[in-house]
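Chain lettering (A, B, C, D, E, F and G) follows the sequence in which the chains are written, and residue indices restart at 1 in each chain.
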């Protein structure tokens, strides 16, 4: 049983990673590529950590496997966020079939400032707005 | 004896202080040392005159066969007496001549060092010690020639003298070392003179040429004669000393010294004979076309040196006797003449003989001394110079083979011209109409006259009483040079013979020449080819050429192009190691079985593909990102081949490298490949050559079996002795802790350096 | 210009830094038996601090680090060097490892050793060096 | 108090990492955790009430894992099919909470779930901008995201 | 076990670390600088004394008590001990010279720690008995020199440093590569063990191939032809105290390593390897001295002379007779003393005249005769004029050449001696004899006013000591000779080294 | 069974590696390359895990742990570079 | 594996030298980084490569179970990696400073110290 589970998790995990890789090649714009790599990659690795935990059936290994899983899940979205944000700020092109871009409308590239678009609705003082 | 030689050096350190303390009288005080030395050497005469040669040995650097051993025999004693004796007068004279000069203390210091070096040179038995003193005379004379160093010409002439003599000195060193080898590892003159088979040394010719290059340059033989007249840049006391008793005589001394053991071959005979004779003639001709007092004297010195060399080359008994006699005579009159020339120059303010006249009344003592010395120079009886010249003619006539006619003819020609010049020197300034001179002349002070008068008188005394020098000085010297004891008798009158006829002819012709000197001078001045004769132009071309070659080769090599530097170095690596691999290993390069899994091949392949991509991409940050993939792939290789610590470290380092790169890169411009396509191909070839070499090396080394690496022991020790289960870590912190300690210091140093690089200027600006 | 000013990154950095530091200590202490050791541990910690530099700024990080990185570097070097000296007191060569099993109340038997001290020195040097470089670069940029 | 909880947590991490499941191991972990926290205490940790609702955490984790698997299947489909059926777009999600921890957690969770990727939070913390692969049905998407936000706030309250 | 063998690395390590910790106090750093280098000097003297008087002439310490060849041993044979002493001497001299001459900015940015650690690296390289450990020391001294080179951040420093860093890194990588290949062939790193194991390698040709990599790596460090480019490109850029330290020590490490490797390890094909060394030596002499002839800038002239003089050291190693080897070591020793001193004097000239350009300075013989004398002692020594130290070195080498009947190299050695003299006299004539050129007189006066006589006196102290040493080494050669000939005999008999290290001498 | 599954896994991951590397080379923007680099790190983690199983040595998981923990730093660094004005299209 | 690695290492050496010859500061430093990696891999390769035998000892044992890959070259390479990191960190900042000071990326235009 554990052998079977190991094989299952190994293959699904690596398969997911491969899908992520294919996505990285095929997807039409940067952010769409990130959809593929972030999720498929992280989950794929996660499944593979499960495979190792199942295979070794050792408390130490399991802890390490879970740690890897945790780290990957913790850091992957952060990486995606910083890259996506930076790409946005530097004006990375979106796929031409993108339907709407609410961020782009509220972005002040030169001031490096992102509005919420809610400023006019209430008169609450802005927290971080740079002095003008 | 050691004290005698070294006392000059000791006094050299004290002289500046003494000079400052005693002011005007310092010259007299300081002359006490050479005077004392002169007396000390006089006390040796009885011993030496009996034909003894005394060796005194003090160990210095025995391991290198360099010792303070001294050989006192007729030759060295003659020189020692000349050096200390004339030196005494020079020191006194300098006190007057350089009276009030602000650098007088330094002058005395260098002068004593020079004198001591000269003494050491002539007295040394050890050839290396001799060489040491030899070079010291070069250096000290450099400092003396350039004594008035604010003048650019003086610096130039000083350098010229130094370089010419040092060229020879270096050759001499080689020659002496060869001589020592030829003599069977004998580093003393006495030993070499006793050695049997020096002529059998397979490199005898080279040895002789090396030695002669040394002696010829030092003694201003053609074609190296040019430096000597230029050395007149020195203050007159220096010239007097340099020309009469020291420095330029060193070469003659050494040829004389080595004559018994090295000489006696055709090479020696012809080389010395021909070059000596040519030098003699050249010196005379040049003297004839000079108008400066010192220049005239300098060229007559060249003549004399040529004569001496020629005589040593002829090497017969008469020739050696003539040489030693001539040497002594020359020393006496030349020192006197120079000092007188200095007195004239000092009093009149000019050196040009054509601008002086009628000084007889105001400088009578000078005139008298000049007459005596000039007569000796001209070789007229009853002066000592006459004996010397007679003997010389006799020797040339008796020279073997073709040299007899050649040398005799040249000697006669030279003698004619010298007579004329002696007359010029003795008569032109003093007789005739008084001419206006820059300074109002009157008799020179005592300090400047005592030397020339004494020496000139001595020329007369020795001429009249030839037995005095014959027994005490010339005889022992001749014995030393000839190699066998010889009884020498010196007389003015040798009967009516060929030499006498030649002398008479020379005097008559010389006087005619003197009478017509002004026309002759004008004619000779037009003979500019003489200026091109010899090596002075050669020297200048050599200096220019040196600078040009230096420029060229430095531009070629150190051209500032990093690409060239790298290419050169890489090609050197490939050349040396690759050639050796090709020539010195005959094992075929084993490729073996490619025992590789596909995924391993992919990982390994990514390293290369990444590297290639990084090197051709035009995207700078793309290259940095590619570094990441190369790093991860290498980490994977480490992991796949059992090195988890390495993998971890590689990953961490790669991450930090990328962090650093992105921290600094945003300021740098993008890639531009500045080079032309041809350059790129050339670079690629160079790069692939190194890569190929490394591949071959790995393959070859991989084929070498290793029985038992030291790490086996470390593995066995790790747990029980090192208390650790991660063997790599135990190696790092225990077995090879010193490596790790060094490594963290490297990291720390890099951090300090980086910090300084970033902040040093930043904080500068803040201030 | 301030740092990246990303709320998400800042929060993550606050969360990840202690985790990374703890992990670095862990890697440091068990390095003698498992993969790890002072160098890797130091790099992990330095990565943690660098993250903090990126998320916040150099000044905040310097304040957080409490000790000037250069001083830390110096102490690390000194500690590592000195760890080789006690052996000489026992008449052994420099850098001979000494092991002292110590009974610590509550924790139990702990083995102190000069290699451990050495590794701690390495750890400090690596943190100090990397952070000296990173902070200096970041400060110049700011 | 927060720090104390953090400390306990770190001690557990230590024990887990070192595999030394004894009192001394825990104590060592506590001490090291304490040291680390003492060192970084200047930063304001606002992970309040992180461990109080352990059942909630477990429930949330299960929910989230399911979402994760769902998301990956959709992405896999999109990647593997030859034609792109995507209707991507960037939408702003007004936030109910302005707590740093909650916003961060929410953003990260959104990034890991189907077809959505958090790009950034507005500088006033009131709007989360999300890139979605399919905004054909924007309202349903917003509802899903609001549901997730509610769960996160609940979890961290 | 001889703990004193480790002291020359431990002392500068400790003082270096302390200076890093106390980086905020320049005063503390100066004290640490003088005391640390002084202690190093004492330790090095003790080491040489103990090594020379030891019956084997070799002292070892097996660090961590792990016996050779398994752990790292530090080995002090006479060659190593002599080199260590020279490093310590120059370190101490430069530390004192630095007191008035190094700016407080330099001090604040790590001048003293860098100096300590440079010395540690140099001493470590001289003393280690392990080839990988050698690589580590080389890196320590190299990175220290990198940092020293850029201290100040001038444009020229940066440009010079790029070449210096790149080419030296290439050399280090070659060394590392060679070490790796050596381990691959033999499975050992200990030099004594390698003597045994290299002889057992079947493919001796491959050993020669690997030796070529070492040859190139060390020759780059030694700045030999045609690999010297980094040196003239960079040595004239930092403050002179640093140049002096570099001039005295860095290239000598390369030479030392060649001496060590090509006497101890690679003697399997001397007809080939040492012939190559001879050719390199000859070309190095010539190209270096010609480079110097071209320049009118004191530090550049001196830099090229470093290159030139390296050639003599190659020549000695190539000839390999006892006299030649002793002469080679002597040449290194003499060169360290005189060349460093010339740089230091160049620094004083700069402080007095505000320029290193010969065309802009002058009048020093008139005004500072003592400085002139010290210059003469060092310069003429460098030029090989008797009875100064350089002459003895030249004499030993030329004699060895004559005895070996290698006329070509003898001629080159002598000719290069002449050109060296030419350069030295050029400096003398321009800086000392010539009157101060009027157009630069104003600047000169400004500089001279800016430097106090007390500072000058402190700077001249080490200069005087080194100048006297240049004289003494020549005049008082005999005891030195005995030490060096013993070193040469050791070099010619690797078995002494092997027995001492692998036998673990008492 | 596990043996071949591991080999298959490794081959799949190798293929993924090649594909991702292609994206890294293609770019076109720096952000694209960084995304690829992040995925490569994850693939490397996967390879290490699979390899740990293949050779039955959990020690290799430690490397994976470190990689998982620090790989995102490169992304953070590059992002910072981009936000500070580095061009993304090089 | 070693024969393949021989080519990989050779390729790395070649690529690094080619990059260093490109006259650009940035390429120079990347070339240096590659060079350092190449040397490390070379050591690792020539000392013999083993799969799956990390030099780690299980608790309670005194030797690694089933043999071991040579730990010594690993330690050497580790040291070399670290040293290389230090040196390259310096080099990276150096080119940065050089560019700031000289305002020039083309190495061929940095000749002031040689001429």
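Everything below uses one rule, namely that a residue touches a chain if its C-beta (ideal position, glycine included) is under 8 Å from a C-beta of that chain, and two chains touch if they have at least 3 such contacts.
This one's a predicted model, so the numbers in the text were calculated from it and none came from an experiment.
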| item | value |
| --- | --- |
| Touching subunit A and also subunit E, the following chains | C |
| Greatest separation from subunit A - chain, by CA centre | B |
| Chain nearest the global centroid, as defined over all protein CA atoms shown | E |
| From subunit D, the most remote chain by mean C-alpha position | B |
| Subunit A and subunit B, separation of their C-alpha mean positions in angstrom | 79 |
| Rounded Å distance between subunit A and subunit F, as computed from the means of their C-alpha atoms | 14 |
| Separation of subunit B from subunit D, taking each centre as the mean of its C-alpha atoms, in whole Å | 85 |
| Intercentroid distance (Cα basis), subunit C paired with subunit B, Å | 62 |
| Sites on subunit A at which at least two other chains make contact | 20, 22, 34, 38, 42, 60, 64, 67, 74-76, 78, 81-82, 84-85, 112 |
| Residues of subunit B whose C-beta touches two or more other chains | 558, 560, 562, 566, 570, 620, 640, 644-645, 648-649, 652-653, 655-656, 659-660, 663-665, 671, 694, 698, 701-702, 706, 709-711, 714, 725-726, 728, 732, 734-741, 743-755, 757-759, 761 |
| Residue list for subunit E, restricted to those that touch at least two other chains | 13, 16, 20, 63-64, 113, 132, 136, 139, 143, 146-147, 150, 153, 162-163, 166, 170, 177, 181, 183-184, 189, 232-233 |
| Chains grouped in pairs wherever the two touch, ordered by label | A-C, A-D, A-F, B-C, B-E, B-F, B-G, C-D, C-E, C-F, C-G, E-G, F-G |
| Subunit E-touching residues of subunit G, taken from the complex the two chains share | 20, 25, 28, 32, 35-36, 38-40, 42-43, 46-48, 72-73, 76, 79-80, 83, 86-87, 90-91, 94-95, 97-98, 101-102, 107, 110-114 |
| Contact set on subunit C toward subunit A in their complex | 1, 4-6, 8-9, 12, 15-16 |
| Touching residues on subunit F, where the partner in the complex is subunit A | 1-2, 5-6, 8-9, 12-13, 15-17, 19-20, 22-23, 29, 31-32, 34-36, 38-39, 42-43, 45-46, 49-50, 52-53, 58, 61-62, 64-65, 68-69, 71-72, 75-76, 78-80, 82-83, 86-88 |
| Footprint of subunit B on subunit C - complex, ascending | 31-40, 43-44, 46-47, 50, 69-70, 73-74, 76-77, 80-81, 84, 95, 97, 99, 111, 113, 115, 118-119, 121-122, 125-126, 128-130, 132-134, 136-138, 140-141 |
| Residue numbers on subunit C that touch subunit F, as the complex places them | 1, 3-4, 9, 20, 23, 27, 34-36, 40, 44, 47, 50-51, 54-55, 141 |
